[in-house]
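The first chain written gets the first letter, and so on, giving A, B, C and D; residue counts start at 1 in each chain.
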Amino acid sequence: MARITTLSEAIADAVHDGDTIALEGFTHLIPHAACHEIIRQGRKNLTLIRMTPDLVYDQMIGMGCVSKLVFSWGGNPGVGSLHRFRDAVENGLPHKLELEEHSHAAMANAYEAGAAGLPLAVFRGYIGGDLPKVNPKIKRITCPFTGEELAAIPSHRPDVAVIHAQRADRAGNVMIEGVLGVQKEAVLASKRQVVTVEEIVDELPQRSLNAVVLPHWTVGNVVAVPGGAFPSYAAGYYPRNNSFYKKWDDIAKDRDTFAAWMKENVLDKGPEAFAQYARKHQAAAE
Amino acid sequence: MADYKPAEMMTIAAARSLKNDDICFVGIGQPSAACNLARLTHAPDITLIYESGTLATKPTVLPLSIGDGELCETALTTVSVPEMFRYWLQGGRIKVGFLGGAQIDKYANLNTTVVGPYDKPKVRLPGAGGAPEIATSCGEILIIMAQGKRAFVEKLDFVTSIGHVTGGDSRAKLGVKTKGPVKLITDMAVWEPDPVTKEMTVVSIHPGVTREQIQENTGWPVKFAAHVSETPAPTAKELEVLRELHARTNRAHAAA
Amino acid sequence: MARITTLSEAIADAVHDGDTIALEGFTHLIPHAACHEIIRQGRKNLTLIRMTPDLVYDQMIGMGCVSKLVFSWGGNPGVGSLHRFRDAVENGLPHKLELEEHSHAAMANAYEAGAAGLPLAVFRGYIGGDLPKVNPKIKRITCPFTGEELAAIPSHRPDVAVIHAQRADRAGNVMIEGVLGVQKEAVLASKRQVVTVEEIVDELPQRSLNAVVLPHWTVGNVVAVPGGAFPSYAAGYYPRNNSFYKKWDDIAKDRDTFAAWMKENVLDKGPEAFAQYARKHQAAAE
Amino acid sequence: MADYKPAEMMTIAAARSLKNDDICFVGIGQPSAACNLARLTHAPDITLIYESGTLATKPTVLPLSIGDGELCETALTTVSVPEMFRYWLQGGRIKVGFLGGAQIDKYANLNTTVVGPYDKPKVRLPGAGGAPEIATSCGEILIIMAQGKRAFVEKLDFVTSIGHVTGGDSRAKLGVKTKGPVKLITDMAVWEPDPVTKEMTVVSIHPGVTREQIQENTGWPVKFAAHVSETPAPTAKELEVLRELHARTNRAHAAA
């Protein structure tokens, strides 16, 4: 059952040292505020799952929260490298980072299978490339009807899923619109959940008969954090801040600049710091 | 003839190889520019699909990321990412896929994973993304890459996604039924696989580029087709539409 | 690519003797008009796939179009038996009917796997019951990660999928709302398609960002047949005619009554006969 | 005490076994009546899910079919049927499932497939529907069935869905982790599985019904619990709400 709470309580409740956690959001609705709170609470030895590690995992890796990364594309979309991720892989800084590397299709299927309560995902993939040589979790399974060999990987079943959505109602039913990514699957595949939302409303708005809604009994913790996806975006609330993504390249390139930025913008701030971004863009849109 | 950059010639040559009834799985960067240029010129009804789940999208500016709001707002509809990879890509519904990479070999296999050994990389690249399954599930593949000896290599450090594997029928022997790379479009030339050996072969050279320059920017002995044509230079219209698209895009991204 | 056409041309083009065809619609949007046209065109030796055979397959079985049925629940929902189906199974009339019998979960998974281009569906099911004893297509597959035994069945990949939807645009993009059933999967799993719709509009209406739309290049034939789902319903157009479902029990119970009803209402009529039902209920709703 | 029919007692006893925070997979007929009666009386927030994909639905009349428009219009949302069976049922998100059937045995295994041999049935029944996976994926199962010797049989003609299989730990030995049938509610009594043997055992008898009548309507020697209570008779409120629900339903279905 959903508990409507504060971000610090939600993270303290759901995220523990050593957990396997999935912050999801495919470009859209990336839970930046929740990422910052996990960093502030000093979680360690996390195994992070995410299709596109992006700025959120660059920050957590750079701050030393992470021991292992399960992923399929680790870059700053349209900009270039994730420098903290590269520093960890290439130089072992701030410490060594274990990699479990997949393709997007594999990751998406692994979330889908996790949501479906299955131990494995079966799909047509990983034909001829080198990833199966470096990832022992990629196996083959033979179709008993056609003899075709298909790829099999373990499903994702994270301890915690963390997502951001547009809105929830007071019971904790969460509605998502736009680029949906794998958020619904990540939530349904996980043991515990933290959902930040732009706003909590008395009733979900008039919606299509097939709107994407996560019922309250599937989301553990629901928290209103306006602007909580910034610099990612929330369709209907504020656009993606592409210039921040470009700026991140300079911030993260240098360890000291990164550390200073994290202190000023994450360690010394709270989730309410995100509200300005929501407001700024709402004002701009009016 | 209009003045233009090699990168513009590359995008325009890629755009020309797309048809009005193509259904394309579009990646960010050059493929996105090429596909939208095609849509804004000779292929107004081309179907563009981005792996973020946006089906039949018609962005007015190029997305910076694969899931920009623009793509979703202008799409016929947007599906979840698992559905995109299961029903649409694996389901065999995409005719043309685009790929690029940090390294390519003469059979158009690609590396986007690491430079150097996997466990101790010299450069850690972003990784596979959708490439391994795009490479085998799309009906055919177009590759867009600027030439250079560090990119066009004799042997890949890591095979992220396959092209024609080791040539000949090696791709089909893996059980893959799709065509694989049918064109490699660079800033210097257009390459196509040899019908028998499947080695990528130069079939058309961009205006002003020499065979020697192509060889200098390729890490293996280049095969040229029996008849090599000259790529038609960009038309004024093509350049105008492409530059307006980039200008709109830059304005939009600077504002956001 | 979608072709906007007439129902008789669409069925003649897509449905041939001996085909494996799936008419889908889970209570909602059942393609009754298309079923009637298949009967009028005298198709024979069909293998019919459908989760809930319902009145449409009762009619096709009773008219002798069907040699095999792949299904999971063959009843008249909320009313009782399908008498023509029972007559075929119990008495071999009008001729013997081969059965390939599944559970709903299996059928839904088989459509999903077909849409996903896979040769098999893998799910947790068929534990301990007798269906695997009478259906040799139900096999077991062992998860290479956990050792769990899961059920495996061939995916559904019908020659033809036939569905009814609310609307299409002139390009042939088809939009569905409400109880979605397995229609999208049936269409994507099939080689050829017939989609009847309540109306063809210039542009699909303002809709949610995640509306259920089948793009024009996935549906072969699109036909406007207002009322074409009657006595099933089309959300937003007309309600389910529950009393017809009850009445069907009497019509179908007796072979002669059935034959007379089919002659009067199917063989001697055309798809335009359905328009009255759409109009009647639209008027009632105004 | 109000006058009532055995079928009403059965529905009301079933409704009482549901709690406000239950998440139920509801079938058409008796289960649907029981669940909605619970929702309209002591369990206003109960979550009702129908296999047509309707999540958290609140119908004002009972549906005739599993996918009536009423269910969709009053639902939180409606998902596709594959999603319903994959994410919601198999995903382990349903706490209580309802089943019934043409035949039941003493371990609450059910037959909804055939009477007589499968290949030459005396009566061809509708078949499995969702039952085989409802029986194993829901946290627990409630069964609602009117008693009679043709329905309560020593040996099923066909095992469509399992209950406690052959008793004892036979269900767990199949690898099934859910509880299976925790209650069998009939028009005469409430039965629960014996903690050890798992044989269904009468724990409560409806007012006015005798042990002899129960035995006469059961095809095996009935086990009675050490302490058998009397089922409380329907309250005036329960009867009123149930009858109004049925009356509304009949009016709606006659009109359509």
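What we mean here is this: a contact is a pair of C-beta atoms (placed from the backbone, for glycine too) under 8 Å apart; a residue touches a chain by one contact, two chains touch by 3 or more.
Note that the structure is a prediction, hence the values are computed from the model and not measured.
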- Item | Co-neighbours of chain D and chain A - touch as defined | C
- More contacts between chains, C-D or B-C: C-D
- Task: Between chain B and chain C, tell me the centre distance in angstrom, where each centre is the average of that chain's C-alpha atoms.
- Result: 40
- Measuring from the mean C-alpha position of chain A to the mean C-alpha position of chain B, what distance in angstrom results? 28
- Residues within chain B bordering two or more other chains: 72-73, 78-79, 86, 90, 137
- chain A, residues touching no fewer than two other chains: 112, 116-118, 123-124, 148, 178, 180, 185, 207, 209-212, 235
- Chain pairs that touch, as defined at the top of this document: A-B, A-C, A-D, B-C, C-D
- Query: Of all residues in chain C, which touch chain D in the complex?
  - Reply: 26-28, 51-52, 71-75, 77-79, 81-82, 85-86, 89-90, 101-105, 108-109, 111-112, 123-131, 134, 148-149, 178-182, 184-185, 233, 235, 239-243, 245-246
- Query: So in the complex, which bits of chain D are touching chain C?
  - Reply: 28-29, 51-54, 63-69, 71-73, 78-82, 84-86, 89-90, 113, 118-119, 121-124, 126-133, 136-137, 158-162, 165, 171, 174-176, 252-254, 256
- Item | Residue ranges of chain D touching chain A (in the complex, touch as defined) | 21, 23, 47, 55-56, 72-73, 75-79, 86-87, 90-93, 137
- Query: If you look only at chain C, which of its residues touch chain B in the complex?
  - Reply: 1, 112, 115-118, 173, 185, 188, 207, 209-213, 215, 217-218
- Quick one: which bits of chain C touch chain A in the complex? Just the residue numbers, please. 116-120, 122-124, 137, 139, 141, 143-146, 148, 150, 152, 154, 177-178, 180, 207-212, 235
